[in-house]
Amino acid sequence: MYLAKWTILLAVFWLLLSGFMQPLLLSFGAISVAIVLLVIKRMDVIDEQPRTIGSPLAALIYIPWLLYQIFLSSIQVTRLIWTGKTKVSPSIAKLPVSSVPENKKVLYANSITLTPGTLSVDLDEEEVTVHALESSSIEELEQGGMADKIAKTWGKKNG
Amino acid sequence: MFEQHLAVLPVLLPLIAAPLVVLINKPRAAWLLSTLFVGACVYISFGLVSATMDGGALRYALGGWEPPWGIEMRVDSANAFVLLTVSVIATLVLLFAKESIASEVAHKQLPLFYSAYLLCLAGLSGILITGDAFNLFVFLEISSLATYTLVSLAADRRCLTAAFRYLVMGTIGATFILIGVGMLYMKTGTLNMLDLAERIQAVESHRTINTGLAFIMVGVSIKLALFPLHMWLPAAYSFAPSAVTAFLAGTATKVAIYVMLRFVFTIFGAGYVFEQMNMEIIVLVLALAGIFQCSFVATTQSNIKTLLAYSSVAQVGYIILGVSLVSLTGLTASLLHIFNHALMKAALFMAVGAVFYRMGSVQIIAFQGLGRRMPWTMSAFTIAGLSIIGVPLTVGFISKWYLVTAALEQGNWLVAFLVLVASLFAVVYIGKVIEAAYFKEPSEDADATKIKEVPVSMLIPMWLLVLANIYFGIDTSLTVSAATAGAEALLNGSSLVGGVQ
Amino acid sequence: MSLIFEHFNHWVVVILMMIGLYIVITANNLVKKVVGLNIFQSAVFLMYITMGKVVGGTAPILAEGVTQYSNPLPHVLILTAIVVGVATTAVGLSLVLRIKSAYGTIEENEFQNKEDVI
Amino acid sequence: MTVLIDLILLAMLVITAFRIIYIKDLFSVVMLFGIYSFLCAALFVTLDAVDVAFTEASVGAGISTVLMLSTIAITGRKEKLSLHSHTFATLIVLLTGGALIYGTFDMPLFGLADNPVHEHVAPRYIETSPTEIGLPNMVTSVLASYRGFDTFGETVVVFAAAIGVFSLLGVRGKPTELLAQEQGLTQHKVLRVVAKISIPLIILFALYVQFHGDFGPGGGFQAGVIAAAAFILYALTFSLRKAVGVVSPRFVKYLAPVGVLLYASVGLVSMLNGANFLDYNVLAADPVDGQHYGIIIIELGVGITVFSVMLGIFYAFAGQVEKANVQ
Amino acid sequence: MNLWASISQDQLINLAIFIPFFGAFLVGLLGKYPNLREAASIATSIILFTVVLAITDNTFHGTLMNMHWFDLFPGLSVSFLVEPLGVLFALVASFLWIVTTIYAIGYMRGNNEKNQTRFFICFALAISSVMAICFSDNLLTLFIFYEVLTLSTYPLVTHAGTKEAKEGGRIYLGILLSTSVGFLLFAILGTYAITGTLDFKPGGVFDESSPDLMVGLLLVLFCFGIGKAALMPFHRWLPSAMVAPTPVSALLHAVAVVKAGVFSILKVAVYIFGLDTLSDLATTDLILYAASGTMVIASIIAMTKDNLKARLAYSTIAQLSYIVLGAMLATAMGVIGSAMHIAAHAFGKITLFFVAGAIYTTAHKKLVSELDGIGKHMPLTMTAFTIGAISMIGLPPAAGFISKWYLLLGSLETSQWVAVIALILSTLLNAAYFIPIVYAAYFKSEPNDQKHQSHGEAPLMILIPLLITAGMTLFMFFNPELPLALAKQMLELSL
Amino acid sequence: MDSVLAASGLGILIVMAIALARAMVAPTVYDRILGVNMFGTKTVLFIATIGFIMGRPDFLDIAIVYALINFIGMVAVLRFFEYTSESN
Amino acid sequence: MSALDYLSAALLLLGFIFSLSGAIGLFRFPDFFTRIHASSVTDSSGAVCIILGLALQTNFDLVTVKLLFILFFLLLTGPTGSHALAKSARHGGLLTIPECQEKAKDGVS
């Protein structure tokens, strides 16, 4: 299932990149996808990374929301930049990530980075360390809005 | 089928052999394969020399694209002659290397060594026979990269710094050539040498061309170790593995000199370089200064490889001197000396390599009393040394004779005299070694029982060279006619037009 | 004034070459020397690419409605030259590593001193 | 407008290079060098040399920088005070610069369509290569066909570099010889996940570049470098030990000559067919098809060699870093 | 001589050159068996002498033998031609080789020298190259074998292997090679550049078109370039080479090396410049004065030397200049005198050296001041010494008188007063440093502290050779026909 | 519209210049890396824009390569930076 | 200029403003961790705006896809890079402002 997903993804990617529908290039594409799959397989044997690429449908829901968050965040940072450094009151805190599915922790951490005023500076199994420009942002996070969103979008604790 | 591709085979064979050697990855088989391929190159070079003896040129359009759109290989009597020198030396050194290198380089690295060796040879051959100015740069870099590798393979850690310095200087030199070629291209729109030669006449007096000439000359001078730019050479030659030194001394600088000849005579034209730019005076002075300075430094060395390396720089001076005289005799002398010096220097470095094989050192103290213990090696050294000095009946005398004759022809008595006087330095530095070998007792710490003659496989190539030193010192008809043909080809460009594929 | 603009590229190339060469000569550290070599070489690349440019032209890949292409030949040459450059850099840096393990330093004056000791 | 962009880029280039002279922290030097390469590449794009920009970005800013970084990881970050004579250097540099400036005065003016460069050899490439060779990318046509021998030489240069590095640093890398425990970046979970997602895409992209060099910028060389970069990314984020498990150094070592031989074999086949070395016309009944097949195969040869050499070189360097780190 | 008649006459030249060469080879092969080795040496020398006799015979019958080996350069060959002057030198050298070989065997064994095989090999090689020099047909050939001679004698000079010997060897090689490469080769090339030929031609190769200045310069270069002629200031190698064993000194001084030098000068004077050209050149006089100066100065230095061999060495320097002087007189008389002196000096000087060696071997004495009363113990040896000394001084009844007579006549004929004075002065000086030795040997009493104990004459192997050469010195006074005839034949050729 | 594209190209150039300045003069090495990273990202955008300015937007492959290399370079910097210390 | 063009121009302008702000932020913010905010966040939004702006200029073909892929990649790697850098900086011993203040307090007491 997992490799099949990859196969489709890669094939689509190839077609989008190439855009040629000649048999020669298509067969090259097939060979290429095969090679890449081989590499993925070898890599998976070697490392024990969680093997998932998630469902594209969920991503379609999540991404616009994320873009919106990014936009908000940029406005905030831009405001801070132009209004001067006096208003900056950086703070740092550790948040638990137990509520986030295992394979979405990375997404969570990256989303934190992208969203208003916060930045994930460390991530391990238990918690994520967050650095914020304003302490209020941390409080917002602590309320767990984003964690919920992720959990809601992808469903709880399964891949 | 075979004749058709004659002009490209000297490059192709080693180029194909080099990856094969890596794939085989067995030292003995690698050696055998390399020797076979390089031996074939000698055979082909002979064919090329005889094919071009009449003044014609072989042209070979790679990819079937006629020049100037494609790259062509062009062999005339000048580069066929140098090519023969290079491939002969390469073969002999390879024979010598079997034992010599096995004792200096780790067993596992031997296939890599042979591969680098083949690449170096391929690069040198490519430089020689290509008819395209940029292609020349590519092959220059192939040979340079392989050379850096070869130099750095020795056990002495100083070979690393030597190789690095060589790399820096070599890269600057190559880049200078690239700049020069770029300027020529900018003004003419072509890279093919013949085409360049033709089109350059229209823009000859332009400042860009002048600068291009200057950069190419400086770049090539670095590569051929012309006097003030020679500093990389002694270190590189001193610390490289013995066989590598023998190979490089016999070939690398020679090929660089050929590049200079090709640029000066074929592309720019002697008239422009020497009459308009008056390059010959600069070159003459530098050559003489190099001859004297480096000969003198050679006499003060106690490391025999360094000594011979400085001697090589001085000998390069002789060759360049011949070029700067701009006459048929002078060029003949240069081409002759390219061949002759390759014979003697390769023999000398092989002898030194043989001493290193047994003694593990090339300091003069290691040579003490060797005349008795390694009679064949030391007599080879002696004869080749006499050749460097320029004693009659050796090749050294022949090239010196032509050089002085060329100087006298121009009424340049002073230069002739200086050339002769400079060869006295050689008496000093060669004499030093011979004296130690024959008239000194072995040093105390040398383990006398272990010191015996080197294996026959090392002696045979060494002695082949020594015998060649004597043979070509007596029967000069072959070398002189080949060199004269080469010089004529360079001077009048008759071979440049026409010719068959 | 137009002369300045027409030759501006060339002069920048010259300046870059000078900087590269200067670093190569003066740098005491071998890695920096290699960096200098790279700068020097890439200046030459720039020189070639500059000469291949046609103002008003476009990249030499066939496209509809384009008549004026820049010269592809310098591009080919420089592709090769870049490869040569990276090859040289790789070999040079591996030499640097070996020098470090053999001498314990890659400062030119320091290992020169050590060479004298031998 | 493009002139203005050109000028700004050039100015930035000079400033960067100038700054490199004075920085003693090699780490910064290398980073600035990366920037320098990026700038060069950007400049190449504005000067229409898209293929070159492609290469410069992947090689200069990519491979070279990574190699330099791994070198200074071993050799140390600080450049000590230079004792060299700066007057001497200045003199030489001024001399060279002076000569070059002198040379520029007769140089053809920038960008004119009737410069000698554009008049003699080049028009043929531009006008007839699309019909003769049948490829839209003239750079690929010239590179692989008209000057195919240069490219063969270039492949050999890469191979020669591999020989040099392998013999200097050794082809290290049975996994057992390498550091067992993971440390540093390999603990960056985020990095690992992201890398793991992007690596297949990067490899596929490399293969796309490999096979589409005929139509757009790119080709075997760039593809090889990008593919190698994917594995380098894997080695950087997952440790060298694991990367070596995926593609072993021995494999890489034997792959490099195969690429060169593949290239050469195309030439040999055309020789067997009675044509000159690398004459692709005879590879198929129709010369244009022959050209196409020939170019695809030789590009593949280049790609294989470049990929394996670049990866092999990286293995050699990273192996040294690990070794130094163990001690 | 009938034996050689069966061989093509031209081949005799090859024989003369290759017999010693193969002799050297044979000696090398037999190195492990000293008796066989030395038998081979002697046999070779005798065979060589007969060959040279055959050549002489042919020359008297007017047969011009020539032999072409190979073309070294287009138009320049290594080739040989027998002419009278060469025959004369060849005769002297090959005869003395026999004598010296016998002497050397005695000496080397008597002193237990090391590396005897190497010694005999080099000796034979030196003779081989001397033969080639004798018969050389052009300057190129002459130069080649001139250098071979230098190199093959170098191991002989350095034979002892001591620090002193190496020092001597260095000076020997240094001066000889630098003069030959720096001046001689230059002069040869200059000649080639001007005339386009290097062949020895009776009457010379220069003609009116040759620039006088250049030709004059070339003469100077030749005379100083032939360092083996030991013209001051390039004479230092000769005393330095004294460190070598006595047979080597004999070889250097009498048989081969210095003779090859003056022979070359003579040959260049006669066959390259020609007497006519020579007499017109301004620089001829310059060389003449240099030779005169060398005669006088070397004689004075000789007087100051206490070491017998050193004294003899300076004497040689002076005597060589006689020959150069004779050549520079550029008259028939002078040339005949020179030719004659080559032979006369060879026999006289070799006798003196043999004696010095005999004394060293028997009594282990090197210094003149130690020789008081030695005549009583070694009467035959000292008689030979006396004869040699008389020849050196130029008194009858020794061969030296004849040559000096011709030289004096020649100088008077050309009104070269400097030469005349120098000749007379050096004769006096010669007497002044030889007579006291003879006097001391016979008439002074031995010092009490070191009696010449029981030693008598030297071993026969040493004694016989020196008696033979002394005898030859006398014989040549009474029968100078052979050398004179050869010299005159040469002049006839060139006129 | 061309002028808008050109203007935005110029604008990105200006941002690049500022990032470059940060990369050259920075209080800590991390700031320098930050500057370099930003410079890289902006170059990607710049290259993308240039394609549109010159009317050949099919060269976006180059921009992709830039993005890849910039990321790998960043990782490499961090990776090897661990091994190097100021004192070394 | 069509409506799309206006939209595209606006996006480009916005992107420029974000980018410029980020660059200025690199200089204006007090410590490394705050500067990382400036860089990371505005980088992403700048990239989004500019690439979307460019995408509107295309004919909505392969070029658009490639642009989106670039965007995807930048959004993937941008925060990852910032995160890794911040993490490295923390491991390398760089302190945030609050930590500095605490440390200073500790030093005083």
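Note that the chains take the letters A, B, C, D, E, F and G in the order they are written out, and that residue 1 is the start of every chain.
Here is the rule we go by: a contact is a pair of C-beta atoms (placed from the backbone, for glycine too) under 8 Å apart; a residue touches a chain by one contact, two chains touch by 3 or more.
Owing to the predicted nature of the structure, the values given are computational and were not obtained by experimental measurement.
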| item | value |
| --- | --- |
| Where chain A and chain E overlap in contact partners, by chain label | none |
| Far-end chain from chain A, centres as C-alpha averages | E |
| Greatest separation from chain D - chain, by CA centre | E |
| Approximate Å spacing (C-alpha centroids) for the pair chain C, chain G | 32 |
| Inter-chain centre distance, chain F versus chain G - centres from mean C-alpha coordinates, in Å | 12 |
| Distance from the mean Cα position of chain F to that of chain A, given in whole angstrom | 22 |
| For chain B, residues contacting two or more additional chains | 134, 138, 141, 145, 148-149, 152, 179, 185-186, 191 |
| Shared-contact residues (touching 2 or more other chains) in chain G | 22, 24, 36, 62, 66, 69, 73, 76-77, 80, 82-84, 87-89 |
| Chain pairs that touch, as defined at the top of this document | A-D, A-G, B-C, B-D, B-E, C-D, C-F, D-F, D-G, F-G |
| Contacting residues of chain D [partner chain F, same complex] | 1-2, 4-5, 8-9, 12, 15-16, 19, 25, 27-28, 31-32, 34-35, 38-39, 41-42, 45-46, 48, 50, 53-54, 57-58, 61-62, 65-66, 69-70, 72-74, 76-78, 183-185, 191, 195, 198, 202, 205, 209, 216-218, 222, 226, 229, 232-233, 236-237, 321, 324-325 |
| Footprint of chain A on chain G - complex, ascending | 17-18, 21-22, 24-25, 28-31, 33-34, 36-38, 40-42, 44-45, 48, 61-62, 65-66, 69, 75-76, 79-80, 82-83, 86-87, 89-90, 96-99 |
| Touching residues on chain E, where the partner in the complex is chain B | 70-74, 78, 140, 143-144, 147-148, 151, 155, 158, 161, 165-166, 169-170, 173-174, 177-178, 181-182, 185-186, 189-190, 192-193 |
| Touch list for chain F against partner chain D, complex | 3, 6, 9-10, 13, 16-17, 20, 23-24, 29, 32-33, 36, 39-40, 43, 46-47, 50-51, 53-54, 58-59, 61-62, 64-66, 68-73, 75-86, 88 |
| Footprint of chain G on chain D - complex, ascending | 185, 188, 190-191, 194, 197-198, 201 |
